[in-house]
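Chain naming follows the written order as A, B, C, D, E and F, and within any one chain the residues start at number 1.
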Amino acid sequence: MARHSYETGRLNLPFVGIATFGKRPYVEDWSKIDADIAILGAPFDFGTQFRSGARFGPRSVREASTLFSFGHAGAYDHEDDAVYLGGDVRIVDIGDADIVHTDTETSHANIEAGVRAILKAGALPVVIGGDHSINIPCIRAFDETCAKDGPIHIVQIDAHLDFVDVRHGVRHGHGNPMRRAAEKDFVSGITALGIRNVSSTTQDGYEAARAMGDDILSVRQVRRLGTEGVLSRLPKGARIYVTIDIDGFDPSIAPGTGTPSHGGFLYYEVLEILQGIAREHDVVGIDLVEVAPDYDPAGSTPILAAQVLLNFLGFIFHERAKRA
Amino acid sequence: MARHSYETGRLNLPFVGIATFGKRPYVEDWSKIDADIAILGAPFDFGTQFRSGARFGPRSVREASTLFSFGHAGAYDHEDDAVYLGGDVRIVDIGDADIVHTDTETSHANIEAGVRAILKAGALPVVIGGDHSINIPCIRAFDETCAKDGPIHIVQIDAHLDFVDVRHGVRHGHGNPMRRAAEKDFVSGITALGIRNVSSTTQDGYEAARAMGDDILSVRQVRRLGTEGVLSRLPKGARIYVTIDIDGFDPSIAPGTGTPSHGGFLYYEVLEILQGIAREHDVVGIDLVEVAPDYDPAGSTPILAAQVLLNFLGFIFHERAKRA
Amino acid sequence: MARHSYETGRLNLPFVGIATFGKRPYVEDWSKIDADIAILGAPFDFGTQFRSGARFGPRSVREASTLFSFGHAGAYDHEDDAVYLGGDVRIVDIGDADIVHTDTETSHANIEAGVRAILKAGALPVVIGGDHSINIPCIRAFDETCAKDGPIHIVQIDAHLDFVDVRHGVRHGHGNPMRRAAEKDFVSGITALGIRNVSSTTQDGYEAARAMGDDILSVRQVRRLGTEGVLSRLPKGARIYVTIDIDGFDPSIAPGTGTPSHGGFLYYEVLEILQGIAREHDVVGIDLVEVAPDYDPAGSTPILAAQVLLNFLGFIFHERAKRA
Amino acid sequence: MARHSYETGRLNLPFVGIATFGKRPYVEDWSKIDADIAILGAPFDFGTQFRSGARFGPRSVREASTLFSFGHAGAYDHEDDAVYLGGDVRIVDIGDADIVHTDTETSHANIEAGVRAILKAGALPVVIGGDHSINIPCIRAFDETCAKDGPIHIVQIDAHLDFVDVRHGVRHGHGNPMRRAAEKDFVSGITALGIRNVSSTTQDGYEAARAMGDDILSVRQVRRLGTEGVLSRLPKGARIYVTIDIDGFDPSIAPGTGTPSHGGFLYYEVLEILQGIAREHDVVGIDLVEVAPDYDPAGSTPILAAQVLLNFLGFIFHERAKRA
Amino acid sequence: MARHSYETGRLNLPFVGIATFGKRPYVEDWSKIDADIAILGAPFDFGTQFRSGARFGPRSVREASTLFSFGHAGAYDHEDDAVYLGGDVRIVDIGDADIVHTDTETSHANIEAGVRAILKAGALPVVIGGDHSINIPCIRAFDETCAKDGPIHIVQIDAHLDFVDVRHGVRHGHGNPMRRAAEKDFVSGITALGIRNVSSTTQDGYEAARAMGDDILSVRQVRRLGTEGVLSRLPKGARIYVTIDIDGFDPSIAPGTGTPSHGGFLYYEVLEILQGIAREHDVVGIDLVEVAPDYDPAGSTPILAAQVLLNFLGFIFHERAKRA
Amino acid sequence: MARHSYETGRLNLPFVGIATFGKRPYVEDWSKIDADIAILGAPFDFGTQFRSGARFGPRSVREASTLFSFGHAGAYDHEDDAVYLGGDVRIVDIGDADIVHTDTETSHANIEAGVRAILKAGALPVVIGGDHSINIPCIRAFDETCAKDGPIHIVQIDAHLDFVDVRHGVRHGHGNPMRRAAEKDFVSGITALGIRNVSSTTQDGYEAARAMGDDILSVRQVRRLGTEGVLSRLPKGARIYVTIDIDGFDPSIAPGTGTPSHGGFLYYEVLEILQGIAREHDVVGIDLVEVAPDYDPAGSTPILAAQVLLNFLGFIFHERAKRA
């Protein structure tokens, strides 16, 4: 079998063509998802507390993902001597959840419906935000599968703890998602990586988080533990949901976000943790949030998001293939 | 009396100092407003249907307003041979209404409270958005004064009609304000200037608008009528509230906005209408909305907003002084 | 019949969803085009003589076009009291021609193949560049239909004459397309509007152009003639192909282009000529070129391109419907 | 004689090569200027009262000028049916005056020395700022030639009057140059075009200006007078020095400047006045100031500056040739 | 006691409200400073040798500081398990020193007056530049308190040595401050951290610096020494003045500056040194300079400046409280 | 001898003067190169597969190089206690190779001619791209000198392997240069540093590369080996040609490039390898490619390029002087 099909088809350079995620097929009818991975955009940003603009996260990550779509039959990584996301991994892009301006609850409900549709189809949901509040409906959608398959453990890459309970009546802003998740009985715990400096969560919030099963590690603490040390803190065999707030990364590589915080993770630090999770756990859901592309004229931030997602998906399905 | 005080005080160049509107005093306690004009920021942008970012409108217009704050005793305009906004016009900046992320109703209520406080103090309210939905609480706040002093007529400078009734449950987005205003019994009518090209308002909406007393004129229609022709369509002696959506202006001078529409007004076209309104009517309230500064690295948009507001305020109080 | 379908479907705000042109269906298989209008991207920019970047023109115009995609059943224009591009006009987006880096001839051939496919399907081809050299394969593709239906007359909106014959061996750069077109026996003439200031065409080139049937008018000459005066110079009943170089517009509204030239057209000047052409002629093909979005952080240029195209298409099919 | 030399030399596209003004020769030794026109950069910006950055004006205008440097033997203008700046007009770029940070007086003295060197060589000095204060040393340098050839009349294109006498000790900032010029006995008068809105000049300043021979016209006044009306106000036969503050133009085409003011001139308005001056007067010196390129990512402002300068120089030497 | 007051007051999100430093009170009258910390802006940038724009440093750092102003009762840091800058630390913003364009000496004198006023009030002066030359008046202002309390030792975070004596007459540019400081008898020494690559200081300058008590360490040397190694080189018990040139940091996190130099410090490297200084020394003054925000559209640089300052102030007053 | 000439000449601040490389003399006539180092621009970017814009690489690196041109007699580096590039090292800038739009082969031939001219003059060629395809003509130009002096070994700093043979007919795009080099009999081998993540080279390409003598190391592999470990893999005594693709560096410091890839080299990692190469090898040619400045408004990328080149050149000639 030919390892690629350049000579029989189009050259299809990255800058050419409609920008779906990875230039994969677009499936408009959510009752007809037939894939291993389904990408859903969640362009909601009314939950932000500083700069808005994450509504353009999905489009920007889709466009950036085309930079990594050179090959027709997977991407060869010489460090791992592996071809990732070859023709055997079926990815589809199901477009965006319908967002209703001024209406947080309806918008969230539409996101939840999208994730439910993906789960029902047996595909891995990958949701691109939007602000971090979109994690709330994503997690809600897991109630049924968890009832069947057992609880999920959340790995959060983030600068901020996002563990505010209710403040001025706000329960579903981008400062609340981890609290909302911790309240679910099908969430067994949270490992929060990269948490640093001030945020909207107060000292009370940290105390509550720890009491509710949140293992909080700063960037420097993660560095001291090393990749393996971090992985060893995850519950063995747990089914993992990964939520990546792009501001968990350092502003040097992720400036296009609403609430940047210096002192964040560099690329390989996160990549190697994700590769370890893929190796040791079943990853059941992913969201990546808070890419606000218009604050980053160079486009580094959506490129980072796309590069992390495509590599992580490659790791997950490479391991699945090995296990199969 | 000295016409300025450069020699006795600070030089106070535009780039120097805290950026309140026009570098005027900041009044934190809304029960202590003692001024002719009070500036209120309304940094709300969950009502936008395309690009967000109008939440930074108030800060950007304040900073831009410092460019026009050279003088200590008013600004001399050689075309009019007049000194505007001299020491006799007391302007204060009362800061921003408190905005609650994800919560449109509470945020709007806080804006309404600010406008009520200004009206109670007998000052002219000037509200800087935020998206155009913030006009809704601004108008609501006029119920009491209108009960006393009679209804208001709204002059809207805008690319879009903003006359959507309810859609997907949304009543308070940036496509709805003029419908909400027209529903008030203390709003006697609307004159909409600059309306052009497609928008969220459908044909139904235009028909409803006309039926509810909206006089709709495009940019080209305004040009054909001329300033005096436009002014003659306003009800004689009406108390006027002016709402300026910065996208009423052309994208060439107002690119920093959420939903730009080509073919808009140029500077003098609006300025001369505003000067005519100031001359012939009592102006009782102003809002200026939809400045999204981060889409305009050159800063032309907030500078336009500040220049229009400062000139308009100058005209209003110059005419008031002549009448007095 | 409902005039729109907001209540039965998605709200589908402009910032939501995959960015095809006007959010219309994507047709990947060029042998299956069944539509009135087919959009083709031609992301080729090796023909530019100053700033490159027009390769991102198609993606940027697609994304900008979503701003004008509020309605589900056409767009109401209150100035014309008409609904444009209603459900009866079928538009599809057929993606981009395959571009081969370093290889101008193959890239042009792929563009030509796309236009031929559209013409074969009986749809109106609308090609979004890329630099102006992509007009060369577009025109080439008309040989067969012209053999059948008669020649075409080209209306060119542009700052530059683009009438260089061959220079340093270059025949297919962005300075050559009108010369290449004039050489075709199925091109009956050219009307060049907006030509001004220096460009790569020398005095010889102007003389050759006039000798080969090019009617050259500057912006100021167009203004003196007026819309009707310009329209009257077009051959009566001619089948018209319109090529719009975005730099025909003024840099104030089209800064995102490779070779800006001050003193260009404003929005309504071009719009009204296009509306007149739609009224009086059969429009058989359109290209819009030289949008280089990364030079315009505000996005005014792709928004202009989308607004012009959508209005022009609306005019064409509105007139077609009236004639039918 | 060949009208151009494309086939015998380099193609030399605009983006290729060292960026001197118009890609003309660089003359480092100011005692060896042998040319009709000499370009001098004056990258001084300590005189600005709002945004700095005009120090990069000279480099940015040089780079932009390459866009208009297609031809080897002058530029053909089809509107005028004329070839401008052909091989018979010798232009050199003598680089920049040496600027000493923190030291206004020494920097100004170095600019003055450059202009004196150009005048001594019998060339037309064209100085690119830098902020408008650099006009002060430019004018100073004319004392000797004026003693010989008679006084100069200054035509100022500007948003601001720049007629502040002394304030807080400042005599040589960008708000002072016209006052300093008016004090010279070899300056017979000033015609100030485009003056509008507030600036650092107070009412006193306007009165003083008029008393000292300054004919002040706003943009709207210029429009009412028309080009010929404006030209008729210039003293017949006067030797003219033209100082162009780029902020005299509208922010829509000149956003990259320190103190933008809406309501400015459009391109042809200034171009036609300059063409009229070239036709009717001897132009003895030019400066163009306040281009702050980093505020204009699209580059429209330096392109405008280069386009205006190259056209104006073309007009001047075309008329000189006709007179000769 | 409640740890915060969210429920009783405003939510006061970061993007809401007038941008004073940390949203702390503005004190206009410098004779009425009653605080532990007073922030002074010094928007002076005529001393720069490459890109200007540091005049907008103070406003940009103030605006960025609001991102870290979530809490009403201090900021909880989970790594240190400490609440920093709680209600017991009184911070005021006293606005900007008056800057006079073209006049370095007067501008510097006004900065000096501001620092003297702060010192007289017994508060810690924190001066936000402006270019590094503003350190000169800051240091001058310490003569009296040093006469009383003993000399100061300066810790300089910087890419450049800034030890030029006099060149072309310039004594007070941004290349001179450390030389000027070293000349004071109340400055006991300098520790310069981060110095790298070429700068305006010549080999002579380095020799003079060492001779005058300057301990010069590059980024790599600091890394080899480690935080404790660096701290051990500071004179025990010395009263410390810290001057932070933002270009001491790496351009990856501080691109918005006038003279960037690759190979700079990362965030924690500086933070941990500052935390060590706070622990072991009495910090008597701080300046942070060379933030030129308009070169950083993402805003990372002012965010870094605000984050460093707020953390450093937190450390200082946390240690003071422990000692008390 | 004076170590600098500040007092006898101009101050010549970085922002002053014509932007040749390092402000060194411009030599237009390529038959008259008399220097140790000659800089050639190669503004060709038709070979790029994602974002174009590298055509402005040469101008941007030249302008950035002026930031490091403070001194008149070399630059003192305190870490090495050495003065680099003193008056004894003669650098000239020979401008750009002539680029012909749409024509890859002619453009490459012109680049080759430039490098041949430099080699013929006995100077070290330093070519600034342009995209990486320009390495192809650079290497071709070495055939004659290699025939005389022996083969060259290439050290490639890059994110991508660039080892595509022929695809869709493309042999000279930016994905092909290392394959083209490896085919030459005068290229003895390649050491590729920084290669990571997906690119246009497929698994086949990696296998071919290794078979043809390419030693491929990722960023993480280089880090594990350390500088000395990497240097030890280079063939002892080999004459080295260094090709630096700026995307070998991390996007945090080199965002302005066409195909950014996260996880790249930091500054000192590359600098120390280059310093080691200079110490241990004869460096016979350098190119630095893929700087696309318009994607980096902060200018960090061209500054990095200039800083790396100037330091590397300093190291090379410092070592040459020691050997001599």
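Here is the rule we go by: a residue touches a chain if its C-beta (ideal position, glycine included) is under 8 Å from a C-beta of that chain, and two chains touch if they have at least 3 such contacts.
The structure displayed is predicted, hence computed values, not measured ones.
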Minimal step count in the chain contact network, subunit B to subunit D
1
Shared touching partners of subunit B and subunit C are A, D
A-C, B-C or C-F checked against B-D; over half of contact pairs coincide for B-C
Averaging C-alpha coordinates per chain, one finds the centres of subunit B and subunit F separated by a number of Å equal to 55
Could you state the distance in Å from the CA-based centre of subunit D to that of subunit F?
39
Rounded to a whole Å, what is the gap between the Cα centroids of subunit C and subunit D?
38
Expected list for subunit B, residues touching two or more other chains, is 11, 13, 15, 49, 51, 55-56, 100-101, 168, 170, 250, 252-253, 295, 297
If two chains touch, include that pair; go through all of them.
A-B, A-C, A-E, A-F, B-C, B-D, B-E, C-D, C-F, D-E, D-F, E-F
If you look only at subunit A, which of its residues touch subunit F in the complex?
3-4, 6-7, 11, 13-15, 67-68, 70-71, 75-79, 83-84, 250, 252-253, 267-268, 271, 297-300, 303-304, 307-308, 310-311
Help me check something: in the complex, which residues belonging to subunit A touch subunit C?
10-13, 15-20, 26, 41, 43, 55-56, 59, 62-63, 93, 95-101, 297
Residues of subunit D defined as touching subunit E within the complex
45-49, 51-53, 55-56, 100-104, 106, 133, 168-170, 172-174, 294-295
For subunit B, which residues count as touching subunit C in their complex?
49-51, 161, 167-168, 170, 195-204, 206, 216, 218, 220-221, 250-253, 255-256, 259-263, 295-297
